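Residue numbering begins at 1 within each chain, and the chains themselves are lettered A, B and C in the order written.
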Amino acid sequence: MIAQIRTMLKKELTDAARDKRSVMAGLYYAIGAPLMMCGMFMLLISQVTSPDALNINIEHSERAPDLVKFLASNDITSIDDSSRKDIVLSISEDYASNMAKGLPAELTLSADNSDEKLQSSIRRLEKSLQLYSAEMGSLRLIARGIDPKVVQPIKVNVEDQATADSKGGMILGVATFMMIYAVFISGMNLAIDTSAGERERNSLALLLSHPVTTRQIVWAKMAAVTVFAMLGLLLTLVISKIAYGFVPWQELGFSVNLTPEFIALMLIVSLPIALMAAALQLFVSFMAKSFKEAQSYLTIVLVVPMMLSLAASYNIAPDTMQWLPVSGQMQALIAFIKGKEIPMLQLLLSSASTLAIAFALTFGMEKSLKSEKIVFGL
Amino acid sequence: MIKVANLSKRIGDVQALNDLSFSAQDGQITGLLGPNGAGKTTCLRTVFGLLKPDAGHAEIDGIDVAKSPIEAKQQLGLFPDPFGLYERLTPREYIRYFAELNGLSGKQAKQAAAKVLDKLHMNDIADRKCKGFSQGQRMKTALAQAIVHEPTNIILDEPTRGLDVMSTRVLRDILRDLKQQGHCVLFSSHVMQEVAALCDQVIVMADGKVVAVGSPDELCQQTGKASLEDAFIQLIGTDEGIAA
Amino acid sequence: MFDGTLDPTRQTTSLQPKYRLALKTILPAVLALSSYSFPIAAMANTEVPQPEAQHACYVTGLSEQVRCGSILVPENHQQPEGKQIAIHYTVLPAIKSNFGAEAFLAIAGGPGQSAIDNAAYFDKVFSKVRQYRDILLIDQRGTGRSNPLNCEGEGFEAGLALNDESIDIAATTQHCLDEQTADITQYGSESALKDFEAVRQHLGYSKLHLYGISYGSRMAQLYMRHYPQVLETVTLDGVVPMQQSVVAIGDAIERATQILLDECQTTPLCQQSFPTLAADFAKVDSRLAEAAITTTTRHPLTGEASELLLTRSKFMGAIRMAMYGANIRALLPYAINQAAQDNFQPILGLYALNMDGIGLAMGMHSSVVCGEDWPRLDDAMRQQLQSNYFGEQMLIGFDESCPIWNMPAVSEDFSDAIASDIPTLLLSGENDPATPPSWAELAMEKMTNATHLIAPYATHGVAHQSCANNLIADLVNSRDVAQLDSECLSRDVSRNFYLNASTVETTTAANDAQGASND
């Protein structure tokens, strides 16, 4: 019984490893997805962070030499070249006279606030202007013999409960989705090839004519697809670990680091998901009439785990999601990333429901392989 | 020995098997002859337990296929049509794989595969991937798979279809060999000459029923025709679907 | 008034950090009159301290969680089994830890300043360093949380009406000494250095990058002398050379004051507004030297009517402290000009900034200065010190307090120049009222791999007043002082001088506008 499963598993893996399409499907995702994520993050970071030297358009800079000097000392300058951001700071005509009288001297900051690329630069400029204004305000009070502390009636000490891990967790939450999905993608081609493909090549009937049970066949195929899925995940994790090291997270003020603990947990937690993914993909492929048909069915079916996973990533309906397959595990993983306690009960229950689905589908497949309709497409 | 008794099977609107009974003896080559659509393949699939008969049963060496499919199948080797090769495996891997599925240990399977490769003169192609094989090479591979575990009963579904003359001759030699060794060989065919040349017993099928049983000579005598072909046409009432 | 959107915390940080770090040495007079309203729980603490395992914590001014902990060290390193004291440290963890075995140790000034209390400041200035390396802050023994030697009691209440020149320094020093339960002779720099090294070993850092500001630069140099093998790079900012007694700060104050006066003369707007600034300054100074001025004013904080006794010490002290900050310094010409016209409000405002004290553990301050700086004053130096106001006051103060504090003098070789080939960056601000650029030159006498950069517009503490913090980050990464691109240091980061109580920009526009509206 076990010997034959092992024989079949070995054959399936040998066969799959030689199938360029199956291997490449896994490889493309495992290598491509983390790199794409990294590229996306790098782009994002470069867009949300203000450049070291911020070049804006300061109109009438001659009206406020000290302010311009102050901004320059904060690396905010006005140079007419291509690096200039679309931010205009205009100094009013009566700036100096109002300031001399102790009246508010007016500046106009004009920029498109909806432009995400500008936001951090706008905030930085506003912050610099506030700093300058606050400093002048304090010095004006000192010049009048008043302690600037009197205009600071309240001092708020902020204690941010976020840890270095939990800050990176926001990012990793999205990345986790991509990693879990590797389980579905990596084994998919093999699942189709070994079911719909096997039937299409007429080897299914031959296999069934040998003294093996349908249970052995299904389990061997499940095992093969699961192994592929897990290898895909492992590769995705390894590539991610390496690739994320090159993303300049520090510019966001926190780091994203795939720890060995996280990788280990990810692998353990994903095993039931991989089993379910294998069962689901094999089941659907067996139901399909051809390789092509199986592909199109699976594309539709895989939307479901993707939705579950996304729902967990973006924390939609967390109460329901925590018990469901995929989303439950995702939530546990995100909790771990954020340095919180892993919700064990929830993780066990969602893993159990995942396995239950996997076994139900496996059982269904065993039955269906005894059906003439499925085997011969009659 | 393969024995089917009172097999009936409906597929869709067609009565594919209709109270079919026959037996194929060890040490004999039995031909299942019938026009296209006579129910030959359905019959063979039923023998393998891949199809469930509506009535009747099939036995392999006295084992009821429906009741003990695994044990029954262990006594069987199938040369299928189409072959169902795994194109990414080499014949050696392919043959070993099925040997192991039939309960041989890794080592035994390896030896058995080597032996059968030798026997079928396949050593030159044994370690090439099956992809791109000629029809003759494919036939040999499929055949090797069917006999590697030395089952008492070997079933061949349209074995000569698409084969060139040389390959057909090789196949015939092997089948005779198997017969000499005491195996029960059952094959389906719609090629008259093949049946005439090889078979000890011919079972003529039409519309899911056995219409005649006997050696080629007996069938000729029975119908009073000089050639098996004429006898066959006589038996099934038409020459449709028969290849000379 | 202030715009409602202003962040009030920012407003103080923009003014304060300079002198928090900048304080080198303090006038003995200041020692006697600053009110140290520190929470002094640790002083009466006779319990046996316990080491704290590293844990998540919050420190003043930083909203994020950082790591804190402490280790126990013998108060007297010669008696390892004797009384133990806790040395507290804080780690600002690297954002992206690529160099886990390396840390950046930032050493605070004073002497007597807490490094941990300035965590937010170090975090801001060294954000680039922190991207890849932990920043390690240690409260030096006798400061902050590490068994602080604070002083409080009679004569420590600040007061507008207080005559700080009549305070009995000997009595206050004695009073402070009586309060101490610690063995104050163990709170010099070299004992503290052993603590630093113990913390490094405890935390498992194999290499350190050092940053020492002001007095902290002395600690950094001692580190170079005693444990060169664990140092990757060293930055000395506002350098106190080993060869130099800090009591000589008076010359630096005099020099910085002269630079300020000259600068106003050569700046057209300032020159036009205050054409007689040097004379004004001399006038007020000599008037106060004769007698303190008593006026009635509003208290800077409470707004209540109060009597202000403006002594020469308060006036000069206010000016001295204002010179530490590039932004507050901008107010000085106006403040001096107004004082000469009997408007003491600006001076009162400047004086009030430091009325609460300057956050130094004065007991530790005395242990350092009286053990390491005061004993090495010879006759020639004493002669030199007499030549200016602050030098004279320092001498008087320490001559009175140090015999009472009775700190054993360090050995003579303490004052030897540091010979080292560790990549070392020395930073000086041209306008520094504490450590002039010439001191850095002296410090690097025997350093073979050192670069001295002078920031033309900076005062004391160049790292936070210029791009020098980025240069330090570059140095930490490259370990090469030769290839630092110092061009950015020449960027003008100064502020225009205030021309009246409101503006730094030209007032002629205001006059023109008024003129125009009158037409």
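Going forward, a residue touches a chain if its C-beta (ideal position, glycine included) is under 8 Å from a C-beta of that chain, and two chains touch if they have at least 3 such contacts.
Keep in mind that what you see is a predicted model, and the values were worked out from it rather than measured.
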{"item": "Contact graph of the chains (line, ring, star, complete, other)", "value": "line"}
{"item": "Longest centre-to-centre distance from subunit A, chain (CA-based)", "value": "B"}
{"item": "Geometric centre: closest chain by C-alpha means", "value": "A"}
{"item": "Separation of mean Cα positions, subunit B and subunit A [Å, integer]", "value": "56"}
{"item": "Centroid spacing, where centroids are CA-atom means, of subunit A and subunit C in whole angstrom", "value": "47"}
{"item": "Distance from subunit C to subunit B - Cα centre to Cα centre, in angstrom", "value": "100"}
{"item": "Sites on subunit B touched by subunit A in the complex", "value": "11-12, 45, 48, 50-52, 69-71, 73-74, 76, 78, 80, 82-89, 93, 97-98, 100-103, 129, 145"}
{"item": "Residues on subunit A engaged by subunit B in the complex (per definition of touch)", "value": "3-4, 7-8, 11, 14-15, 18-19, 201-213, 372, 375-376, 378"}
{"item": "Partner subunit C, residues of subunit A touching it in the complex", "value": "63-67, 69-70, 72-73, 94-102, 104, 130-131, 133-164, 249-251, 253-255, 257"}
{"item": "Complex contacts: residues of subunit C adjacent to subunit A", "value": "1-3, 5-12, 14-15, 56, 58, 60, 63-65, 93, 95-97, 131-132, 297-298, 300-301, 303, 327-328, 330-331, 334-335, 344-346, 348-350, 352-353, 491-496, 498-507, 509-510, 512-514"}
